[in-house]
Amino acid sequence: MLYRETGQFKTSYAADQAVFPIRQDRIGLALILLVAFLLVPVFGSSFFLNTMMIPFLVFSLATIGLNLLLGYAGQLSLGTGAFMGVGAYACYKLATIFPDINILVHTLLSGLFAAGIGVLFGLPSLRIKGFYLAVATLAAQFFLDWCFNRLPWLYNYNPSGAIEVPTRMLFGVALTGPNATPVTRYLVLLTLVVVMTWIASNLVRGWIGRSWMMIRDMDIAAELIGVRPLPTKLLAFAVSSYYCGVAGALMVFFWLGAAEPPSFSINTSFQVLFMVIIGGLGSLAGSFMGAAFIWILPVLLRALPEMLGVTIAAATVEHVSLIVIGALIIVVLIVEPHGCARLWQTAKQKLRTWPFPY
Amino acid sequence: MRQRAIGEVILAVEDVSLRFGGVRAIADVSFDIRAHEIRAIIGPNGAGKSSMLNVINGFYRPQEGRIVWKGQAHRAMRPYLAASTGIARTFQNIALFKGMTVLDNLMSGRTLKMRRGFFWQALRYGPALEEEIAHRRRVEEIIDFLEIEHIRKVPVGRLPYGLQKRVELGRALAMEPELLLLDEPMAGMNLEEKEDMSRYILEVNEQLGTTIALIEHDMSVVMDLSDRIVVLDHGQLLADGPPEVVSRDPAVIEAYLGVAH
Amino acid sequence: MRADREGATLAVVGAASQKPARVETAPAPAARAPSDLDTFPKLLLHNAVNWPDAVAMREKELGIWQAYTWRQVAEAVRGLALGLKSLGLERGEVVALIGRNRPNWVWSELAAHCCGAMTVGIYADVLAEEAGYLLAHSGAVVAFAEDEEQVDKLLEVGERATALRWIVFHDPRGMGRHDHPKLVSWAELLRRGAALGAERPDLFEAEVAAGRGEDVGILCTTSGTTSSPKLAMLPFGRFLDHVRAYLRADPRGPEDEYVCLLPLPWIMEQVYVLAMPLLCRIRVSFPEGQATAMADLREIGPTHLLLAPRVWEQTAADIRARMMDANAFSRWCFERGFAAALAALERGRRARLADWLLMSALRDRLGFARVRSAATGGAALGPDTFKFFLAMGVPLRQLYGQTELSGAYTLQDGREIDTDSSGLPFDNTEIRIVDPDADGVGEILTRHTGMFAGYFRNEVATREALTEDGWMRTGDAGYLDAKGRLVVIDRVKDIATTATGVRFSPQYIENKLKFSPYIGECVVLGQGRPWLAAILCIRFSMVAKWAESRRIGFTTYQNLAANPDVQALLAGEVEKVNASLPEGQRLARFLVLYKELDADDGELTRTRKVRRNVIDERYARLIEALYAGEREVHVATEVTFEDGRKGRIEADLVLHDTAAGQMLARRSA
Amino acid sequence: MGGLLHTVLVDPFVQMWTLPDFFVQVLWEGLVSGILYALIALGFVLIFKASAVFNFAQGIMVVFAALSLVGLHRLGVPAFVALGLCVLIMLALAVAVERLVLRPLVNQPDIILFMATIGLTYFLIGLGELVFGGEPKVMITSELLLPTGSYVWETLGGRVILQQIDIAAAVIAAAMVAVLAVVFQRTKIGRALRAVADDHQAALSVGIALETIWVVVWFAAGVVALATGIMWGARSDVSFALQIVALKALPVLVLGGLTSVPGAIMGGLIIGIGEKLGEIYWGGLLGGGIESWLAYLIALAFLLVRPQGLFGERIIERV
């Protein structure tokens, strides 16, 4: 209904290949960015930012990371949590070893460590496929988890075993640490996520992204076309882990403020995997939808009784929300196995063709 | 009939044998392919035709023999080596990338020709965008050639069989190969689609000078298109020569023509 | 002799828009000095000098819209014209063009005009035989052919076209196999032209300056329904003068967009794609191919539109077909929306809510969102289809004219709903009705400033077409209504009278039948017969969908058409039409044909008008059976398939009686 | 350097040699946990073979079954009645899963079904905690007439302590495998199940609906889970921590091959013993706790050599 495309014609390949070739989509994106950059910081409460928007952004980035690997390159990984942890610990170490260098630089560098580890654990992907590969990445998950617990150097011998975020400034404004306001952290996070999403969309549209999809769709044909499987898969592991690593660093520095190994456990891996699946494999926009669904829904569910004025034991709420989420996941998978992104695509297609069915 | 200069031998298969476990797929076969010719490989089902193509582009490693490709002798080809030195192919059961659009499938054929590295790709700006657009243009020419303008942004999984075959040919052409291996390009097509496909094959051969080796069951197509024919049966070379000679070969008639038709 | 000329008729019909046409603010530059700018080439150079960087035309090629500015067009034309000179083309000779709609056609045509040559356009889908006739008759010395297919066609008729010296082909694909002394590639032509241009730098400008308004530019084929086409000679000056009159009746300017979908050889496309852009700089866009035409049209979003009635009919049928698959809510919206819009239309208003919710979306999906003036011409458009588009908010208008009269010369003003008339004549046009009967209906005679200069090499036909004092006999029957609007009834010759003396217009009834989504083509019979009968062809796409939805199996057009359920469906449609006809004009019997009427079989003209004499002859056996009251008839006949192969069809056809027919039978019994 | 090599490559073996009774004790401990891994893996394999579903919920099914048993008993239901009820609960679960999850998702990609079983996991955790509470519980070992004492086996100049419950576990596991083997070899449904693993069409020709087969294998997996839950619960206690341990079944699976029952058993034993040996003799070098990942590393190393697993079928790629 909303779409009006008559008269939108392309005179260059650049315009034709744009991410949003339809004018209405571009307007929609501009509106979303406007809301995200202006309305949310101005009107959002600290609670809203801290419990919803900031974690949502962190997980969106991690989801994009896993989606690049699973949705685009077709390699299943259950080690996302650990790769996020590598980023977090790397960032923590960098920030304490080089306190004078800006924290944003550290954040971006820390992804490189995750990328390196990711490549290492991606090596078996040449020989192993599917669920077998998933087990290989589980090895990464548990091994790294163990490292976070057992290598005191990583948490600077802190007796609590946790890493605590120091205060770091940029232009006199506290970006991290106890003094950083939620709005500052939100805006830094948002900017990074927007830029990295843009880069991811660039990558997947070029030959790199196509090589990944070739490997995903039919690895044999890809090989016969001249795509070398190992470098291609490893690049996917590297980029994916980089995104996860940065997400992990952001998670600790801009959201939690302190973290212990359980933050990067197998449960986090599954949570991100859910975000990918529910959001939609092979869709960057879907990554955001998936992150919203899996993160924000439980928060809302937990808050629901309170909002309705019903007093229920916290544990009960927790259990019921688990049941509801588990059931909802199954329902979503049944209704649209390709995730929210496909749901949105279908809806958009309907809007574009209405009143015609196609 | 057609005017092309058939050139030197561009690829030679020498004494190649291939076994799977105990099963002999190809037994001591030798033949050659000359530049700019259309070479047909025929034979009954299970004669080892597809395996032969798989050996030529390096997907299978033969136990014995060697492949001489553009003057270089190889114990066995490697898929990457084959692709990067100008061998492209299509598959009997269509090996397109189902989740990608026609355009992306064709662009995938250009992957080896794209040079801009990770940094530029991440920015998708300047040289990377220029390169992408230059290749898009080449791909558009193929789209124009194969008359598939109306489906360029359709995911290939949704296309009917005949069009998928055409897109797969397009992807192979996008690689600008010197040697094009076509595995049953007309299987399952109706008469009109076969005529179109024959026309494309001839035009590729004539205008781009591409050498073509094809497997095909439709004998009239084979006789019309090919310059020389290799006949395989049970993995062995049965005959090798121009269509008019092969079609009169008694062994061929008995093993293949007589039985199959 | 009248029959001889009926091909000359460019049919007609259109209707009104609610929106008043936009008044052009800037005066057309050509209007400033019309006397100097009296040929196409002069206008081209004028535009190229004054608006060098304005987009003149676009073509979707290799996936994107490539734009050509006036300077680029002029450059291209210059190169081609010099190339043609280098081939030895002389003033007054003829250049033929064959191929699909592309800018290079327009450039080639203009280049020929620059050289003082006349151009004849040949429909891309004609068979070699017809192309041969046109080449021989026009004496073309150079032919532009789009691609290998067209070249083959021209080479096939080589001996007949004795004057033909060169064939210039545009698309080199597949041409490697051809080695014919007459063949010149596009690139070679440009190379030769460049060489000549270097040698004689002012040759081109001199040739253009040598052109005069009296020179004949276009030899336009008339689509004969009964005979070989004739070539109407259209001089530049008169042609341009008439198109200026058109632009006064329906103004347009440099901001407007047109999409070239109709065949370029057709007179109206010559008006829209050649003359109008030259005069008012409306931008013309060429789609990528047949399969993408409607999608490409939507991308451009033209402000002006001209489509043949059958395209409008097909579009309306497609819309309904697609809505058949829609969900209940969408269908409800669609039906309610149209009911409201049609009701509002009757009251001369618009249904705002329906327009806002439904129609604007529909217009967008079809690419009509920006259309300010849409026209239909070439044949009559049924009133129901006409209202359908008006209700949708497409400002559709009927126009009427003939090839010999530079195309359209009457156009509805779009201010009121008018499904009958073809509107008022342009300000340069006079219309007369001769020998009117009691109702004022007589043959339409027309005279205006843009008339043809006679048929090429056919003095006899010219004399027959024109009266002593220079009026053109249109061969159409009609009358002028109280407001001075022209109402066209049918071909004079086609107005038929039954043996019982009932006068009727077969075309009128056919159009009613064709509004049914299930009837694709039809022929109404009855001249000199006791009652009316019809031969129907199913509209395959719609009937197939209908059959699928009812799980009726079928494999081919033939067995779908023969299916008893389908026959019953069509019987129902015929009854519906009968109900809207006066008693004497109701169809008594009909049959459903086993094949589509086809231009390749000569049953339709290239503009898809029924050739009644061919039908009468080819289906004589069927017609006799209809009137003999037989219940079934066996046929065995030869047909041409889509791919050009010939084959035989054998079928048993069921002949149906309608309710009216049964009543007649009872009465006569 | 030499010292390090000595610590890694020589010392552990010297220890094994010098304290053989302790070595046997370690082997036994490894064997027992291996049996439990094998039982969980067995549940996976059953389901994977029949429906190509990688059932992540197998671990939580173990917990859920054990919780139900203990929970029902706490409500005053006699132990064996509770056991019977638990079997019924597992049947109900199998039917529900087939109806509500598998059937609507038939023909979806593996990963989707995999995710659905994770959804099922969440659901079961929530349900289990809601109904029975989240705190650890004690298994009703004695009420089920399972032995609780221990044998002391004096041998090799020392003592090896064997818990009776472990011996019972081994016996019950062996019995269960035997019963399953008989069922699959001798019954119509067993043949159908074996056929379905190869080809869904072929299974239909046996005359049993695919849906029935699914219910049967999920039920069988449920019963296996119940048995596993009892054994495991008797060794430690019944809590949700079990589900992480259940993840150990994954390396067991890939080691054995996803579709092989003998593979699951062998894999379980290898992992169980390997892990214990590694932890006891080498773990100290790394600060301990290597049990958490050693199994995966063993499986990974193994996969690199044999990507299809110990008993998996060789994959021949075709174009």
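Brief remarks on what is shown
In this document, chain identifiers A, B, C and D correspond to the written order of the chains, with residue numbering beginning at 1 in each.
Definition applied: contacts are C-beta pairs under 8 Å (C-beta built on N, C-alpha and C of every residue); 3 or more make two chains touch, one makes a residue touch a chain.
Bear in mind that the values here come from a model prediction, so they are computed numbers and not experimental data.
For the pair chain B and chain D, chains touching both partners: A. The pair of chains sharing the greatest count of C-beta contacts is A-D. Chain centres here are Cα means. That of chain C falls 77 Å from that of chain D. Centroids built from CA atoms put chain D at 32 Å from chain A. Chain A and chain C have CA centres that are 57 Å apart.
Taking the mean of the C-alpha atoms as each chain's centre, chain A and chain B sit 41 Å apart. The multi-chain contact residues of chain D, meaning those touching 2 or more other chains, are 319. Chain C has residues 63 in contact with two or more other chains. For chain A, the set of residues touching two or more other chains reads 12-13, 220-221, 224. Those residues of chain C that touch chain B in the complex are listed here as 61-63, 173-174, 176-177, 288-289, 291-292, 295, 643. Per the touch definition, chain A reaches chain D in the complex via residues 70, 76, 124, 127-132, 134-136, 138-139, 142-143, 145-146, 149-150, 220-221, 224, 266, 270, 273-274, 277, 281, 315-316, 318-330, 333-334, 337.
Contacts from chain C toward chain A in the complex involve residues 58, 63-67, 298-301, 319, 322-323, 325-327, 330, 333-334, 357-358, 360-365, 367-370. Contact residues of chain B toward chain C in the complex are 2-3, 136-137, 140-141, 143-145, 147, 149-150, 152, 192, 199, 203, 206-207.
Those residues of chain A that touch chain B in the complex are listed here as 12-14, 17, 199, 202-203, 205-208, 210-211, 213-214, 216-218, 220-228, 235, 282.
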